[in-house]
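Note that chain A is present in both complexes that follow, paired respectively with chain B and with chain C.
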Partner chain A sequence: MNTVSRDRLMLVIAIVLAGIYLFPLYWMYITTIKSGSEMFATPPTFWPTNPQWQIFGDVWQSRNMGRYIWNSLVIACGAVIVITVLGVGCAYVLARYRNIWVDIGLFLILMLQVLPASLMVTPIFVGFSQIGLLNYPRLAVILAIAAKSMPFFVVLVRATFMSVPQELEEAALVDGNSRVGAFFNIILPLARNGILVSAILIFMQAFGEFVYSKSMIQAVELQPASVGLNSFMGPNTNEWNNIMAYAAIYVTPILAIFVLLQRRIVSGLTSGALK
Partner chain B sequence: MTAQIELTNVNKYYGAYHALKDIELSIRKGSFTALVGPSGCGKSTLLRSLAGLESISSGTLRIAGEVMNAVPPRKRDVAMVFQSYALYPHMTVEENLTYSLRIRGVAKTERKKAANEVAAVTGLTHLLGRYPRELSGGQRQRVAMSRAIIRHPKAFLFDEPLSNLDAALRVHMRKEIRALHDRLGATSVYVTHDQVEAMTMADHVVIMRDGVIEQQGSPLELYDQPGNKFVAGFIGSPAMNFLPAVGGQDGRSIILDLGVKQAIVLDREVQPGQALIVGLRPEHIELAAADEGVLSAQVALVESTGATCFLTMATTPELSVVFNGRSEARAGDRVGLNFAPGSIHLFDANTERRLPD
Partner chain C sequence: MKRFLSSMIDGRGFDIGLVSLPLAFLLTLSGLPLLYNIVMSFQEVDMFSLGSFWRPFVGLKNYRDLFAQPETWPILANTATFVIASIAGQFLVGFGLALFFWTNFPGASWLRGLFLVSWVMPGLVVGAIWNWILSGDFGVLNFILRESGLIAGNIFWRSDPGFSLWAVIIANIWLGTSFNMILMSVGLSAIPRDLYEASELDGANVWQRFWTITLPMMRSSIGAIIALGLIFTLQQFDLFAAITSGGPNNASNVTQYWAWDLSFRQYDFAKGATISVIMIVFVMVASVVYVRSTRHEVRG
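== the complex of A and B ==
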């Protein structure tokens, strides 16, 4: 088999796998605009005969989605800000110093990443309740998400910082800058891409976060869209088209961001590794 | 003579590792000093200590008379050229050049003027708007130099600045750096592992090994009077021949051991029976007819570059000979070797120190 036909075969396999992977997404969009009867038709139709476009407006209105999405945005932005401000400094230190304590610190940070949210939520709930943080439930969720996602951010941004040569910083010091000045003037602009990409990934995670929000936010008017979607579904749900419409409205902005920035995201993720 | 940089009894430890040992060094204002030695000898650590990028553990470091031990790099007023050039990749050449001025709050018009002046000197005028990634290695090197020059610092520190360039460009930049140094009347400290660079560029060469200054002096002093076997072997290319020998019973000759023992009469006295190492530079040995000359040896290998001929003798240890011109000798021929008694360097075999002439 020559190179060309092997490449073609690989391409076909890739397309098939991508198709399988993306099928649920396709099904979500297609179910959204199906009518009630078509939704349960056997055999299922792969393209709706009578698309119901008005469903998006209806669901947005009836479920009060504006408020849910706003809460999701508040939580996601809050988490990104907390993580970026704290994580950048942490990642920089971990990138610049190499000794046994840094290794231990890095190991502990990665350990945090291992623990699943559903396991962490009970102790966090009890702790937050004791110090009264649950009176500010969105802040409580922001802090919980920050704790959960920080390791991921720190590890990614650390790789970015490590790809910035230390000599640049030293050159800035000799050129007359202070350490802080060199960090903000030289290191930060060069690591900007990696930080931005990591922040976007964190944003996407936090925007869809469910476990912490579900358990810590009781008031409906403070709940994010993920919890709202969950409360939409009951044991006897049959309005799948409405649920799918909700889901579509919820994920489409995220998908759009990812598609627009995917080149930068991929290069940002590999920049530390390739250098 | 005023010392621009003065180190007294400087020591540096990394934990238990003793990186610099009792460094005593005085660098004259306007001089070009090379720190040279094998990798890991502490020369870069010493340079970084001058810049303030490393702190010294004990001793005194003075720059222009002021004690600088605990002064941060930005207040030392020295400029450094890094091995990787360390140009700021997100700034244009002009911004790179004027970065130090900007930090010091120099007005924009003056910065621009300074950049233009320096660029004219180093031939960068047409490149001021470019980014470092758009430049060739030699151009980047020039930007790094210009960035140092623009500040009129108390001293220039070079950390192996030519090692990333190809051989031809390296020879060219060597001259250019030295010419620039002379034109600016600057004080320069230059770290290199290449003894040819050190010998050709510097007024004062400092040879280091394992954190110790083995010897310092003018290049020709080091060549003519190496203080020990290490310096003798480090300076000069091809490297000096080292041959084991013992002092002759008459006190005025030595017995060389080249597989076969051969006696050589000296122009000075040695202790009878003392174990010695004889140092003989390849360029101080001349070929002679087989039955003439001080020594006799068999040729093992002849290498010629056209202008220069390198001969390796089939002796133990191997003896190399180099001379300009061409040789009729072929591998396997027996030849005579001649050298002036004055060109012999004698080292004590135990301490490896030079014996007084």
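== the complex of A and C ==
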């Protein structure tokens, strides 16, 4: 067997494997455009005979999805802003030096990264309610997400800063820049791409966040899309095409960003996650 | 004042300022709740005392009550099953896929990256999709299993106490496989190729090369990945909320869901805090293993 046909064979197997793995996603989209009776047909149809395209508009209207998505956006953007503003500087310092204090700081950050949200939500909820922060529930969720996700961001961005040669900063200092000037004019522009990719990863996580929002936001008009999806799925629901339509609308923007930036996201993730 | 200012712009103060603000933020919003959690687990907390810091201390009563409850041990056993089965599944499938994509054909890295969509999707959406796939009468998984002759009748994944935990495990394996695979690929790509060339010259077959080169060289990656898997599996909450809600009758309940359920459904914040403290100890142990196994890499 020569190399070309071997490559072809491997590619075909790989596509089949990816197809099997991504079947749940396909099933979500296909169920969405099935009619109510086709959805419960036995045997199930794997290609819709009578696609119902208007379902997206219907679900968007009837579930008030605009409001849910807007709240998700507010929460995700808020968390990304807090994390980026605070995390970039922290990652820079942790990448620049190598001493015992940096080791301690890194260790602390890694330990705080692993605390499960569903276990931390009890003390955070009680604490926030005592200081009155629960009167601003979206802000409370933003702060909680920021605390949860910042360590991950710092670890990723730190890997980016490590790849910026330190000689460049030294040269800028010799040329008469202050530390602040060198940081903003030299280091930050060089690390921009890595920071951007990490911020996008954080955005995706925060956009789908559920535990904190479910526990801390009581008012329906402030809840994000994940909580909306949860309340849509009652225990004995049979509107699966509507639920899948909701899920599809919710997840498609994230999937689009991911497919567009796939290479950068994967390389950003692999450089930071294991290091 | 002037010296402080110039240090902020041009000296040590700049670094300290950059690092202390986020650390203070993290300690306030993660460290403080952690301590508060421990304090609450020794207190009597009810709806009336929720607003005040000074609640009656009750010693170890919450812990004793917790372990006197009949559902505690089954839920702990469920957690162990969930963690072990999920990690084993994610690891084996992920390792297999990583080895496959490692053979390096055109398009391999792009297709491999595509698997990561499961990782960026909101957990609730993943749960909703699997909820529908696993549904009893009309679920497509039951259809596929029936057609391939593996089962005779439908399995009621979500409502049968014998299967509901496995419903969540299946979804969790799907969710975590891609991340395991990507991390494994990183480890594999770090193995020097000439090791394989040398052993091939010596006449080692594929199987021998796998056991004598790949596995030993991957040892530290595997340790890190399993520790990370433990951390991530104990964080899994959304799938439980979306697929079984811990039911039926706690058959698929695990500690991280139970802690939330105690606090926010039954308003028993003290018990919720107590079970959180116990689980956080486990997570901390796992993360120490993780940090140790990546220690040389942490230092760059």
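The rule is short, and it goes like this: the second predicted complex is superposed on the first by the 254 of 275 C-alpha atoms of A that agree within 3 Å, B and C clash if a C-alpha of one lies under 4 Å from a C-alpha of the other, contacts with A are read in each partner's own complex, and residues count from 1 in each chain.
To be clear about the criterion, contacts are C-beta pairs under 8 Å (C-beta built on N, C-alpha and C of every residue); 3 or more make two chains touch, one makes a residue touch a chain.
Everything numeric here is computed off the predicted structure, so don't read it as measured data.
By the touch criterion defined above, A:I124 reaches chain C but does not reach chain B. Once chain A of one complex is fitted onto chain A of the other, the partner contacts of A:S178 extend to both chain B and chain C.
Contacts of A:I186 after superposition: chain B is touched, whereas chain C is not reached. Residue contacts after overlaying the shared chain place A:E170 against chain B, while chain C stays out of touching range.
By the document's definition of touching, neither partner reaches A:L260: not chain B, not chain C.
Annotation for chain A, partner touching more residues between chain B and chain C: C. Taken together, the two complexes place residues 178 of chain A in contact with chain B and also with chain C. Residues 165, 167-168, 170-178, 181, 186, 189-190 of chain A are the ones that touch chain B when the two sit in their complex.
Those residues of chain A that touch chain C in the complex are listed here as 6-7, 10-11, 13-15, 17-18, 21-22, 24-25, 27-28, 31, 39-40, 42-44, 86-87, 89-90, 92-94, 96-98, 103, 105-127, 129-130, 143-144, 146-148, 150-151, 154, 162, 178-180, 183, 201, 204, 207-211, 214-215, 225-226, 229-230, 233, 235, 240, 243-244, 247, 250-251, 254-255, 258-259, 262-263, 265-266, 269-270, 273-275. Within the complex formed with chain A, the residues of chain C that make contact are 9-11, 14-15, 17-19, 21-23, 25-26, 29-34, 36-37, 40, 45, 50-53, 97, 100-101, 103, 105-118, 120-126, 128-133, 135, 137-138, 140, 143, 147, 174, 177-178, 182-183, 185-187, 221, 224, 231, 234-235, 237-238, 241-242, 245, 256-257, 259-260, 263-264, 269, 272-273, 275-276, 279-280, 283-284, 286-287, 290-291, 294, 297-300.
Across the complex, chain B meets chain A through its residues 51-53, 72-74, 76, 78-80, 82-84, 86, 88-90, 99-100, 103-104, 147, 151, 157.
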